[in-house]
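Labels run A, B, C and D following the written order; every chain starts at residue 1.
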Amino acid sequence: MPWPARYQAVRAQSQALCAPLLPEDTVVQPVIDVSPPKWHLAHTTWFWETFLLKEYAPGYQVFHPEYAFLFNSYYNSLGSRVNRADRGTLSRPPLAEVLAYRAHVDAAMAALLDHADDLPAAFYELVELGLQHEQQHQELLATDIKYILSTSPLAPAYLESSVRSEELRVDSAEAVKPTLNSQLLTLNSNWLPVPGGIYKVGFQEEGFCFDNELAAHDVLIAPFELQNRLVTNGEYLAFIEAGGYRDFRYWMGEGWDLAQAEGWEAPLYWTQRDGAWYRFTHHGLQPVSLAAPVTHISFYEADAYAHWAGARLPTEAEWETAARYFEATPAGGTWLESQRFDPQPLPADADPTQCHQLLGDCWEWTYSAYHAYPGYERAAGALGEYNGKFMVNQLVLRGGSCATPESHIRVSYRNFFHADKRWQFTGIRLAR
Amino acid sequence: MPWPARYQAVRAQSQALCAPLLPEDTVVQPVIDVSPPKWHLAHTTWFWETFLLKEYAPGYQVFHPEYAFLFNSYYNSLGSRVNRADRGTLSRPPLAEVLAYRAHVDAAMAALLDHADDLPAAFYELVELGLQHEQQHQELLATDIKYILSTSPLAPAYLESSVRSEELRVDSAEAVKPTLNSQLLTLNSNWLPVPGGIYKVGFQEEGFCFDNELAAHDVLIAPFELQNRLVTNGEYLAFIEAGGYRDFRYWMGEGWDLAQAEGWEAPLYWTQRDGAWYRFTHHGLQPVSLAAPVTHISFYEADAYAHWAGARLPTEAEWETAARYFEATPAGGTWLESQRFDPQPLPADADPTQCHQLLGDCWEWTYSAYHAYPGYERAAGALGEYNGKFMVNQLVLRGGSCATPESHIRVSYRNFFHADKRWQFTGIRLAR
Amino acid sequence: MPWPARYQAVRAQSQALCAPLLPEDTVVQPVIDVSPPKWHLAHTTWFWETFLLKEYAPGYQVFHPEYAFLFNSYYNSLGSRVNRADRGTLSRPPLAEVLAYRAHVDAAMAALLDHADDLPAAFYELVELGLQHEQQHQELLATDIKYILSTSPLAPAYLESSVRSEELRVDSAEAVKPTLNSQLLTLNSNWLPVPGGIYKVGFQEEGFCFDNELAAHDVLIAPFELQNRLVTNGEYLAFIEAGGYRDFRYWMGEGWDLAQAEGWEAPLYWTQRDGAWYRFTHHGLQPVSLAAPVTHISFYEADAYAHWAGARLPTEAEWETAARYFEATPAGGTWLESQRFDPQPLPADADPTQCHQLLGDCWEWTYSAYHAYPGYERAAGALGEYNGKFMVNQLVLRGGSCATPESHIRVSYRNFFHADKRWQFTGIRLAR
Amino acid sequence: MPWPARYQAVRAQSQALCAPLLPEDTVVQPVIDVSPPKWHLAHTTWFWETFLLKEYAPGYQVFHPEYAFLFNSYYNSLGSRVNRADRGTLSRPPLAEVLAYRAHVDAAMAALLDHADDLPAAFYELVELGLQHEQQHQELLATDIKYILSTSPLAPAYLESSVRSEELRVDSAEAVKPTLNSQLLTLNSNWLPVPGGIYKVGFQEEGFCFDNELAAHDVLIAPFELQNRLVTNGEYLAFIEAGGYRDFRYWMGEGWDLAQAEGWEAPLYWTQRDGAWYRFTHHGLQPVSLAAPVTHISFYEADAYAHWAGARLPTEAEWETAARYFEATPAGGTWLESQRFDPQPLPADADPTQCHQLLGDCWEWTYSAYHAYPGYERAAGALGEYNGKFMVNQLVLRGGSCATPESHIRVSYRNFFHADKRWQFTGIRLAR
């Protein structure tokens, strides 16, 4: 796709995600991790204005001089900014003004892209980065919107559309009586061996990657087995019913303390009514589908589940090696574009000798800290803050989720969150 | 005014206050004291639904079963409710739905009031209380809206109307160079004696009062003098410039510690630009008018100022005795209805032998704790929680403000806030 | 008693209070209100050094230049100091060094007092203040030591002496089965009327008083009745058993929220074992004596109890008027010197027409804020910070306690604490 | 050494470390990380009582039934315990009683070890673990004592002995004028290459290791260079003077935010007086020696320094590989037994072709998260909580320090702390 069309398509996608929202929904920040949707819409726009238009569009007029303060996320290089915790205190500029800001910047970008033949490669690298950056915020928009709507006891649905999650087809009787028969638990499940050896991980293809995927480098992998699909809600429910949330032996100490302090008894968004488990989704409150992958769990829960199940989480090198070994592709995964906003169950007849769901559906927690690869260097200037300064205290997740744009993923893609985070579409892939 | 008309007028006034707002403005809660405007609109409506319609309107259908949880403010008698700190996390129900809630309840109330001849006196007492309650929230709407808009660096104006504060007429040159000439500082100022004796305080007239104004009782007053007007910005600026915020000797210990911890250097909403002082107002950022009363100060600041000025704050018994002695009336005061949303300076030719500004303009901090009057009894039922449970740890303020509806005030009216609160239109009246 | 002897006696009393302690006990600060005993010993010594020796003893050498930083309590006038919350982090100087500091200052003070004939009256006023100050810290030593020892599950006794609390004589069978027979509850109880009128309160005798007891002034008192003794543990247990800690209707809102958040179910130091109530005391864990006055309760609890009992707490003006009207004297009260460290039950044959326990046994919460009396002026210099800066947000307590030195009390004495404090020997006197 | 003698020697060493302390020093907990010395003395004793005596000594009587609550550190398997943050609130049991507890347990252990021939191997494994555990607490005693004494402005010395740190010989003129001449900065410095290849890491020798050193496994190492000695105070001072603490570009984001919030300007314990840098040490306040290794720095500071210096921290696999490659031994390192309690400068004539200071002196931060090795399994029972539950969110440190007992170290030893911790003897080894 030519640059102007790609730019337009990606930008339109961000706004489309906010189309079902009311202005009120775009303002609030119920917890510090969750940013107001209008902040996302404005911040991504600020990114174009700051890194592209100010640099490459002669005579460009900034939309508003205060926006650099209001919509800088975390770039110390670019001066002071609103405290992250205060994003939800600002009713102004309102959504309409943010949309005007987007239109202003989009017009300038369109003009620039239309006459950009003589612009240097560095310019196009920044355009690519801006598009990738905007896609990252599309995922955050999807997950932050879900959290925002979930805080109301009214449990409002983001989508009333006919495109529903597979799990809505689940018979409600199942929800009321989620019988954990062994057949369901082992459905499709299989362990697939990966031979040991020296493999290359990190980005090694053509095209774009983030700096944190570099440098590609060799890793030594011992032989291991990977489960051929994500852990299901049914399997996870067995862990819950076996007392997994009440037995410290399965847990990391900090995870156990947190789970006790916050009273965790199930994944985020799960709630019990009259003995049946329901989940808050983009489609409102829905029965838990036992066959669908479990999601919205912290690393602590993923790790505790793995201990309980007699297995472990893969390292990120193992995960990437397996993804390359099994030639994972985005095809068949659930992505943002599907508007399902939920990981989908494997078909009952899925081939158990294949490795499924590696890309899409759920980010898969690995047991690897998010650290710099060998040879990693922070870029000069503000963009040096994009990834590098987060490379401690977090864990790597791999594979993308149902909220990731399909074109955004790669087998070398490294996502990262703190061990306690649950509001992303996170899931469990077992290794042993 | 007949009941239906009064009801309609008061309810309309609440919505009129929100008319200049965008939906986004009605959602946020930047600090715990400041509730979202749509919460105020809904909570006042819940009050009518809960205390009037459920009790007296046969067959009344509640608008939504969850609203009792969402919009109960602090009544333990009426069950669990949203934590006060979480009011700003809820985007739903949106403003439009809250307005529909208001329409639903208003229609039911109109029907009830139209055929209410055979309803008992207790019903009309509750209607009166509902109206007074709604007026209290109108004042909070005015002050909460101001705070909400103030958090944005865009300093948006609530009103762009031609009805402007007197102080807007101040020559901007004065703002740039706020010369504190002694003439200005003493303008109109006078000390008016009140003879000692036994006086009666508390509500002793016809009509409505809150339960906290009862029982009327005798107090022994020693002779004292009261300043004939509110302390002005000019006088307060002299305190600032004399180092009042840097000298602990004038301050209560807890006030001093707080002022240091939060870096107070001036009243709330004051900001210095290029050496001149400005204030955020309902009309946006405006130069400080030296002749207007100082406002948005805590008790700690009022008390420190009084110490510095060689005077003191009056007790609430002194204040009420003076108000009765000087026959204070609402006439001439600045009230909510004026839409000025700022205390106004005395005319230069105001009679210095009269006591001005006792009612309206600014709530006047007294040096009296908010305690029960002799003979006070909490009512039975949920309304027993209306006032009584707050009668410790707060201080009494008297006289109403420019955000108070004019019909809401009385000389016996007791307002109360914690000593550190600054977001109300609070001011200083000196005694000695 | 001549000054040197009084000085020596008061100083010795502070050290005697610490004699049963181990060095370890003198260091810790389990909560911010409770200061380490060695801090008390040093701070009182610093007071003599700072206000007396530095001013009046020519050539006096300070014991250590850092002690002004370490042992200044809250005097901004005297420079920076250890944060109050950090007093318990300092193991040095050790107790032995603090005792050497005391000896150093005592020697200098003895020399000064021996040749003090030509010193001005201001000097003797400061000596008196220093003695009174030291006595105040003796009470704090007694209560802080109790708190410190209580934190250990070993429940160590401060005193193993034969001078035991009356309540130790209580038959343990009673503790195991604290039957609340009506006879016990009403034992000795009576309501004594005080006629209305204009009374004078505040210090009006010869000798020493704190500045907060001035100026004496007239108050108008309406007729009221005062209970002739303190509320007993038995009466308070009836409140507990009637669900007083679970019914918000009796409580101030802030008190209720605190009691819920901290899980209060009984006074501080009470604990239930096998169905019987015990209390931690200076003599270790002891059964609750139903006849003894209830103590270690917050204002919130005192006020809630009074509501439940259909009565109220007296104002401080009522309390002092009653104390003067009934000619209260320290005789017969329980004081620090008794080493009982617990309020004592009235003898079964106490005259019900007399008003008992007004002085000693328990500080009595009043429903009066701790505010300045009319005409009160803060002194110049550092001692202006002694009392005046605390005159907001606290409540007055009257009458002294079993931890107060007997010579320290007066009917005009004003003690003050925040409404939530429980670690002093506080109790309840009802009015109506 | 036979078991009884080893047991006696290790136990005696713990008490010897506390011998210079006053009872007051053994009680306080100035920050949550720092435990009171008497707690360490008691907790290590509880370990013997719980895991050895209760299991293997027939008829053993526990010293006190409450001690299991008081001195359990973090074993959920062994029931409830004092909150970690409250260890410093407990004055009782006093030091003398803790020493009696030690004597009681030591006598029982001596008896058991004397007749232990027929005890199973599992018993001796536990004895070994108990000794290693006690040695770990000896290091914590040394560092916690330092922190405790540092909080007093009196800066008391733990040791006044003649065994002083090398750096005390530094001419004080240097401290006053710490001229950073380039000669000093490069003194002894050299980069030593380590060839790439597959190496085995993890414990692979005879004797004891902790479970976290297992299983030994192959790692693939790319060629790298390691600095031949620790980074010195002089080098670190150059970083400080170059503005390293004021330039976010060198820092991890969370480290930068913390450093700003806490106002870090130098390593822990450094203080500037009259332009010269001093450090609080076990010998009191001492001038900073430019030639000695920098210590008491967080991972954030180590990492920022490395960035600034154009290098990086080694991974733990690189570190261990280098230590094995260079055949590191404890000989020549500074250990607990030296009582220097400070890392020592290299002699000026140290051979720059050798790799120095790998073992002893300072724990070396690696850029590796503390995760389980392949094949790691938590042990069954309470000891499964010893290491495994901490294997997330922390970083590995290697090599031991001047507070580590010499017999306690191995090249495979894995220490771990959170990235912000500074109170251990932590230092910097560069790689590139």
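In the analysis below, contacts are C-beta pairs under 8 Å (C-beta built on N, C-alpha and C of every residue); 3 or more make two chains touch, one makes a residue touch a chain.
Chain labels with UniProt names: A, B, C, D = Ergothioneine biosynthesis protein EgtB.
Quick caveat, the model's predicted, so the values are computed rather than measured.
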Checklist entry - Both subunit A and subunit D are touched by which chains? => result none
Checklist outcome for this item: Expressed in whole Å, how far the mean CA point of subunit B lies from that of subunit C is 38
Item to check | Geometric centre distance via CA averages, subunit D-subunit B, whole Å | outcome: 59
Next on the checklist: Measuring centre to centre with CA averages, how many angstrom lie between subunit C and subunit D?
Outcome noted: 46
Checklist outcome for this item: Those chain pairs meeting the touch criterion are A-B, A-D, B-C, C-D
Checklist entry - Tell me, which parts of subunit A touch subunit B in their complex? => result 22-30, 38, 64, 66, 69-70, 86, 88-96, 148-149, 151-154, 156
Next on the checklist: So in the complex, the part of subunit C that touches subunit B is made up of which residues?
Outcome noted: 74, 76-77, 198, 217-220, 222, 248-249, 251-256, 299, 303, 367-369, 371-372, 374, 378, 384-385, 389-393, 395, 419
